[in-house]
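One structure, pasted below without further comment.
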Amino acid sequence: MVGAKLKVAIAGLGRMGARHAAHFYGLTPRAELVAASSPEQKELDWAQTTLPGVRTYLDYDEMLKEEIKNGLQAVIVSSATVVHAEQAIKAIKLGLHVLCEKPLSTNVEISQSVCTAYRESQKKNPNQKVICGFSRRFDASYRDAFEKMQAGLIGTPSVFKSQTCDKLDPSGFFVEYARFSGGIFVDCSIHDIDLALWFFGEDSKVKSVSAVGITAVEPDLRKYNDRDNAVAVIEFYGGKIAQLYCSRMMAAGQEDTSEIIGTKGKMSINYSPMSNLVNISEATGIRREIPPHYYGRFREAFITEANEFTACCLDSTEPPMKLEGAVNAVRIGQALQESLITGKRIEFTENGDRVSEEPRARL
Amino acid sequence: MVGAKLKVAIAGLGRMGARHAAHFYGLTPRAELVAASSPEQKELDWAQTTLPGVRTYLDYDEMLKEEIKNGLQAVIVSSATVVHAEQAIKAIKLGLHVLCEKPLSTNVEISQSVCTAYRESQKKNPNQKVICGFSRRFDASYRDAFEKMQAGLIGTPSVFKSQTCDKLDPSGFFVEYARFSGGIFVDCSIHDIDLALWFFGEDSKVKSVSAVGITAVEPDLRKYNDRDNAVAVIEFYGGKIAQLYCSRMMAAGQEDTSEIIGTKGKMSINYSPMSNLVNISEATGIRREIPPHYYGRFREAFITEANEFTACCLDSTEPPMKLEGAVNAVRIGQALQESLITGKRIEFTENGDRVSEEPRARL
Amino acid sequence: MVGAKLKVAIAGLGRMGARHAAHFYGLTPRAELVAASSPEQKELDWAQTTLPGVRTYLDYDEMLKEEIKNGLQAVIVSSATVVHAEQAIKAIKLGLHVLCEKPLSTNVEISQSVCTAYRESQKKNPNQKVICGFSRRFDASYRDAFEKMQAGLIGTPSVFKSQTCDKLDPSGFFVEYARFSGGIFVDCSIHDIDLALWFFGEDSKVKSVSAVGITAVEPDLRKYNDRDNAVAVIEFYGGKIAQLYCSRMMAAGQEDTSEIIGTKGKMSINYSPMSNLVNISEATGIRREIPPHYYGRFREAFITEANEFTACCLDSTEPPMKLEGAVNAVRIGQALQESLITGKRIEFTENGDRVSEEPRARL
Amino acid sequence: MVGAKLKVAIAGLGRMGARHAAHFYGLTPRAELVAASSPEQKELDWAQTTLPGVRTYLDYDEMLKEEIKNGLQAVIVSSATVVHAEQAIKAIKLGLHVLCEKPLSTNVEISQSVCTAYRESQKKNPNQKVICGFSRRFDASYRDAFEKMQAGLIGTPSVFKSQTCDKLDPSGFFVEYARFSGGIFVDCSIHDIDLALWFFGEDSKVKSVSAVGITAVEPDLRKYNDRDNAVAVIEFYGGKIAQLYCSRMMAAGQEDTSEIIGTKGKMSINYSPMSNLVNISEATGIRREIPPHYYGRFREAFITEANEFTACCLDSTEPPMKLEGAVNAVRIGQALQESLITGKRIEFTENGDRVSEEPRARL
């Protein structure tokens, strides 16, 4: 751990951007947060107060232009999803390391363009690192389960059950959010899809996807082709299945759980959600509170992400995941979203091509 | 609780038959087990030793013929699934009360014939009771959850997640068993299907079913069109979804769990399976054991079932479930089994008719 | 399981007496409840309605006199604690088997007199069985823990932590109850003391006892020299310690827990109390309900007790515990109660004699 | 959060010292670790490699002398317990802020001398902060419980049960460690004592203490008047009781638990210990791992401690606890240790004076 710190800039200081900024500013010893950009002046004001010494910019391009002169090495893209890809590509083309919040884009082709830009740039900058921030990959519990699985504890992993379930928010927030979120499978289940690809192996090939959903609390979601509860099945070649559930309707808080079932055993993650280690006994029984939002569950993972991203940039080591996986996750999420709306199972060949349905119809 | 006891005979003294016999013999105060039949002499020998006073028969028909003279009132059908329907119908036609183990048959039409026989017989015997033994309906935890749901605790129930998962049995038992079991959805998930119909309402109408499965440990199951792990989705009209998982591959024991998610809250049943209340701390961590088989989990429910069946016969009260539901559960299970093999989603009209796929093909 | 049933009479049909009666009447296949006595006519009315065929008596002596003619074999003493010993001794002297509710008496000498009467009678009736009903000895979880300990799973058992904690009852019931209960250590902790003697071995020798208590919710308990919360330490010769807690102030319900700590591991019993397997997710968190009273926790144990007592009487096998242990438990409980009030530690020699404090004072 | 960082030096780079150093170096944004001292050159080597920029010293006095010139503001004392007090006092006399690891000393008088030095120095340096690091005060779970108690959730807190239990270490480490540790109550239970004082109120007055212990796995501990398992009771004036357990014999790992029982409810902390959120299902049951050592349980608390100590120094706010409490905790721990060895209960007047036993003896 010798030598200079990684000079980092952040794009976006919204809810998650501000957290990333704080992590890189004070909880990532080998990084130095040098600059931040946001189109919102009040977010920059917050940064000036909270992160003294960090230079602030209303314009992302301006930040890149100025900071590159000061030796900027890496950019954290944590802006609105709609500009993720564009901002990431600009930084990539400058040879900068990039940690881009998920998803790269809600669109597969645009996501792919980030990846293409990276692989192109890497030819000139072989040590350049670009990753998409799937925070669960950095979570201690998921990692422990993954390592135990790798060590053979559960035999051959065969079924992966996973859910991303948000706390009920009666404010209508989720309806407006659906306008740009890409839909519940691209927004929520993208994490579960990424986990499935991780646990089953990056080169897993999807055989079919199918999904069904309802609007139990937010019928207005239908105008954006979205649902508030949905279930999905992803079939992989080689005899593996992922079973997903996503919801915007959890009463108690964030309930993200996963289970990996193998031929010799299984592991579950977070089947007893909790905010902390306190149990409360009162007249109605014994109660524990649970985190209201994903950050309450995954704060430590985000901090680990910041530190490990920093380390792989500084030390030229392999990042913990490949960027192609992030494109693949969007591809699967988008297919699930389509199945959710059309009511049809979508099938793929082992080459990843979509199986046309016409031939079957002609029989 | 005054008056004579219900005179009960049992057909079948196999694993579950012997348990039912013991429950009616010694743990059902208002019932008197008077006779038992089995084609296996050694099972009758067991009964003569263990259940003194119970008359034994190698032939079911003979038992009915003789015992009806002695005032037989009810028959418990717990023989091989393949003779459930035939034996039940014979007893029904004699005006006897019948508790038939699940499933009535692995075949929908045969299941329906039991129901038809009952409704026909009931015209002459209005107090006759015939139920199919879905033991979970008698389980204290499921009942508590159901009552809390009825009382409005979770708002409108919308998503039902449920699984029936057997302990891994490397002996090959499950392969031979698959020859007659009707398949994993008819054998295992039938319970989850029944629970979905209970929690969502007996008159719930299926909109679609789809299933996917693998053979992770028992490839030979394929010769009987069966799988050792499978997932399914049942979509109901009115915006309700059931998500199922069934497995023959649990390392630790029986893991049957359910979760009912409503618009205001949710309840889970058995998300921390356990044999008893003991936790063991040892060098590898803290451990609890879990029941190896369904009987370890549901023994109390079976005893409650015996007592409540007896009570509804003696008191002419409504049984806790309708026989039509048992036919409906087989219908859904059989459709899932078909989807599992064909890889196609099966859709239904609100009238319960199957949506033909040809029209779509002609487009 | 061949042959005639054990003819059983019950003395006392109060809260627990009625439960014992129901267990022997309908849930103990090898027993026949033939008679019941109670000084309360309404309790006898209840029995006539609920337990048809059982003969009822207002007078215990009358019951013994009449029923002995009808072949009575065993008596369950479940009357008020104050008459336990007297009724038990009368039955013992008639050569009857006796299951006496705990405690034999709140007084050591009286408890001992039951034991003496039994050992005297046994000279003439070598197969006579007399046990004191410590229900936890029949609980599946405690038994599992005991067997695992016996099998060496935790090495040498060294520290036993145990508590008996009742649900808060703001009605003032516990104050009136304290008039005759013998105090919280004799009433509640007697179970934990018995468990300590079981887990550490029946021949464990007490070295010292000490106790401290408070009246957090019921100051009026002080007029009966009782407390509503108390802690105790029992030191045994041979390097073993029991640490106890008892309370009348649990908000959520009955919380009886135990932990046995050995040199190689430990086991805890009921550290996550629950009424059933349902978890409820609602806006305030995840909640489970717990049994309001000891019967909700130990119902199955009481039924097992009835069946095993019956079996050991009919089969002339050893009962699962010795009557001397019940005297010993009262002796320890009474000493703790004294320590609670005097604030002094009480010490014993290895012979069980109390160490006088005078010599020390003379120094 | 504007302005200069707190310049911090650390004394001691052993197991916990190295962790404190890392926390102040990289995880405490408002602090700057400028120097470290250790009598072990290899520990300084580690610091030079791991904490680039930190100046290292073999001699504590030398460090103070040099660094005071560079503007040193605070010292973290994390050296061997035997020099805690001396080093703390030297820094205090220089007007520096001090965070001293627990205990100040294993001796009450020496502990008091640190406190006296602080209060003396504070007359000249009113903003000087000196705290003793009771890490559990910074733990999120304990804090949540404390806040809920303060808000009235459990009524009047009355009974506090708490334990500090280390993982079994068969290497003999604990025997050598006992030579200087002050004994198990001063070393382990000091945390539980501090928690009792926190939950019951800093001004709680001890009425009596008593303790009993055994050597179940390490008989050699007796040569240092220590035990490997011990239980204690602390009685407070005003009707409050603390019941403690400490052990060096946990098979699975660190099991530190607490429970605060009030007149309206109770809260437990860490009654289901776990390393993370993974449950493992395998042939022997369902298992979770637990942290092997206290740092695995309390890492986050230590980081919070570093940040809050820094903040109260920089912002001149009240530290979260008073130094007098640390002296009080040692006083109680030492009394318990005495009771453990003498076998006598020790009583105190409301003024904190020890009740002499002679008068009683003379009666």
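Details
Letters A, B, C and D mark the chains in the order given here, with residues in each chain numbered from 1 onward.
Note that contacts are C-beta pairs under 8 Å (C-beta built on N, C-alpha and C of every residue); 3 or more make two chains touch, one makes a residue touch a chain.
In this text the structure is predicted, and so the values were computed from the model without any measurement.
Annotation: B-C is the more contact-rich of the chain pairs B-D and B-C, by number of C-beta pairs in contact. At the far end from chain B, in terms of centres built from Cα atoms, lies D. We define each chain's centre as the mean of its Cα atoms; on that basis chain B and chain C are separated by 39 Å.
As a whole-number value, the distance joining the C-alpha centres of chain B and chain D reads 57 Å. Shared interface positions of chain A, defined as residues touching 2 or more other chains, are 154, 250-252, 264-266, 271-272, 275, 280-283. Against chain D, the residues of chain A that register as touching in their complex are 1-3, 25-30, 49-50, 52, 140-141, 144-145, 148, 153-154, 264-272, 275-283.
Interface of chain B with chain A (complex): residues 154, 156, 158-159, 161, 168, 208, 210, 212-217, 229, 231, 233, 235, 239-241, 243, 245, 247, 249-252, 261, 263-266, 271-272, 343-345, 360-363. Listed in rising order, the residues of chain B touching chain D in the complex are 250-253, 255, 272-275, 280-290.
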